[in-house]
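What follows is a set of structures for review.
Across the two complexes that follow, chain A remains constant while its partner is chain B and subsequently chain C.
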Partner chain A sequence: MIEVLIDEAVLGLMLIIAVGVLYQRNLFAAAMLTSIYSLLAAALFVVMDAVDVAFTEASVGAGISIILALGALALTCGEQKARPVFALGPFLLVLLTGAVLIYGTSDMPAYGDASAPIHRHVAPRYLEDSRGEVGPPNVVTSVLASYRGYDTLGETVVIFTAGVGVLALLGRRRRKAAKPAEEEA
Partner chain B sequence: MFAAAILAIIVTMLLILARALLGPTVWDCILAINSFGTLTVLLIAAHGFLMERPEFLDIALVYALINFIGIIAVLKFFEYGDLGPGKRARLDEDQG
Partner chain C sequence: MRHHTVLHVVAKILLPLILLFALYVQFHGDFGPGGGFQAGVIFAVGLILYGLIYGVDNLQTAIPPGALRVFMASGVLLYAGVGVLGIFMGGQYLDYGVLAHDPLHGQHWGIFFVELGVGITVASVMTSLFYAFTS
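What follows is the complex of A and B.
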């Protein structure tokens, strides 16, 4: 009960921040508000027991993306030029998309439902047979290293490629030290 | 007791959010974001104790570190980077 209340309070705060980002003219303040939004989303994931997702959200949403936004702001202007006019067509389109998405959630199993398909499909077999079939006492290790081995290999290749790409972009010595702060940050 | 603590944290979050949204200068916004990060850490810690899983305290600590690094990055940008609003805010402070 109290958990649902916490969820709703955090979601309400996120809604307020989202509206605040829309109305904020100063782009720097908007970027900072986005960072709070990510931090709250991460807290929401922790409250819902999805700790690994929360870690990703906190490090990417509140960590890296704010730095990227600041880098973009350093290259451009920090103030939104003109107040956008209210456009009826896009507004209706967004409203319609939101309504369809909300309609789509009505088919999903209830939050925490033990009989949801995802808990019935392969999870029981992993929990019961992984010790005999794979070996390691940690079920997560067996799932990642054996049952989903190719998936893990693909993920590792993607992350390695991304790391090589970042090194190729940033690792070169710059001819002119135009932005020392960007490299330090 | 932990429920009351969480309630108090959420009310404080609302107050800080008001400062971040209405704050006259960018510095109010930075300070509000920093406090908000601290409150998120507190919220996770209090929630861990409420659900009787105090192991989540470690996660709260990592969040505190991420928040600290983020604020350091932002302040470094203001000190060395070429940010439009930063310069203007500094000029405003000098004049005001």
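What follows is the complex of A and C.
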């Protein structure tokens, strides 16, 4: 019961912050609010006992991505351009998409349902046999690094590719364009 | 951020702890929450904190961008190399069981080096992104 209350409180705060980000024209404040949003998401994951995911969310979502956003702000400018006028077409499209998504959730298994398909496929084998087959007490590590080694290799290559892409776009202009932005910050 | 004494002092105290915590998350991921990805991010955050407070130039003197590019690639290579080593030792690609005489030991070594590869790549990519955005 208390967990449901915590869930709802955190989700409510996340909703408030999401609306706040939408209405915030100062991009610095928007970045900070996004960071708080990620921190709340991490808290939600902790309540769900998914500490590994919470860890990642806190360090990536609340930490480094905001620092990179602030770095990008230092290169550009800290204020959003004039707010676009209200457009009916996109608004209706967003409403429709949201309605379809909510309709889709009605078919999903209940939250925490032990007989949901995802808990009956390979998860029991991981939980029961990973200690004898792989070893580490943390099943998440066994799944990520051993059972799903290919996926993690793919993710590492994705991160590497993203780094190479950013360096190809931004890494060239080292010294010349850099100075003004640095003095500003 | 040139003459903020409080920031400088606090950062100097926190930095070794952040880097040490990153190493703890990296090598304790088998037993507790965490692993290469989180450790890499935390390590990069420690470096970026140093760069923010003591200047990017100082950080680039300590960790040159060129070295980061080498580390970016070598993490992926370490991961893929563990897989290839598995083939050479008579198993399948990314099958760690054959890496040691005992399958569980092999899994342990495999996971250790694979996570190390992930951590190296993530830390160097994140720091490179910071360099790209700030210098």
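We adopt the following convention: the second predicted complex is superposed on the first by the 124 of 185 C-alpha atoms of A that agree within 3 Å, B and C clash if a C-alpha of one lies under 4 Å from a C-alpha of the other, contacts with A are read in each partner's own complex, and residues count from 1 in each chain.
One rule holds for everything that comes next: a residue touches a chain if its C-beta (ideal position, glycine included) is under 8 Å from a C-beta of that chain, and two chains touch if they have at least 3 such contacts.
Everything numeric here is computed off the predicted structure, so don't read it as measured data.
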Considering only touches as defined above, state whether A:F55 meets chain B (first), chain C (second), both or neither.
both
Once chain A of both complexes is superposed, is A:G63 in touch with chain B (first), chain C (second), both, or neither?
both
Under the stated touch criterion, which partner chain does A:G20 make contact with: chain B (first), chain C (second), both, or neither?
first
Scan A:M32 for contacts with chain B and chain C and give back first, second, both or neither.
first
Touching partner for A:T97 - first (chain B), second (chain C), both, neither
neither
Should A:Q80 be classified as contacting the first partner (chain B), the second (chain C), both, or neither?
neither
Once chain A of both complexes is superposed, is A:A42 in touch with chain B (first), chain C (second), both, or neither?
first
Now for A:I6: first (chain B), second (chain C), both, or neither, which partner does it touch?
first
So which bits of chain A does chain B touch that chain C touches too?
51, 54-55, 59, 63, 67, 74, 181-182, 185
Please output the residues of chain B touching chain A within their complex, sorted ascending.
3, 6, 10, 13-14, 17, 20-21, 23, 26, 29-30, 33, 36-37, 40, 43-44, 47, 50-51, 56, 59, 62-63, 66-67, 69-70, 73-74, 76-77, 79-86, 88
Interface with chain B, chain A side, in the complex: residues 2-3, 6, 9-10, 13, 16-17, 20, 24, 26-29, 32-33, 35-36, 39-40, 42-43, 46-47, 51, 54-55, 58-59, 62-63, 66-67, 70, 73-74, 77-79, 179-182, 184-185
List the residues on chain C that touch chain A in their complex, please.
25, 29-35, 37-38, 41-42, 44-45, 48, 52, 56, 65, 69, 72-73, 75-76, 79-80, 83, 94, 96, 104, 107-108, 110-111, 114-115, 117-118, 121-122, 124-126, 128-135
Would you mind writing out the residues of chain A in touch with chain C in their complex?
51-52, 54-56, 59-60, 63-64, 67-68, 71-72, 74-75, 133-138, 140-142, 144-146, 149-150, 152-153, 155-157, 159-160, 162-164, 166-167, 169-171, 174-175, 178, 181-182, 185
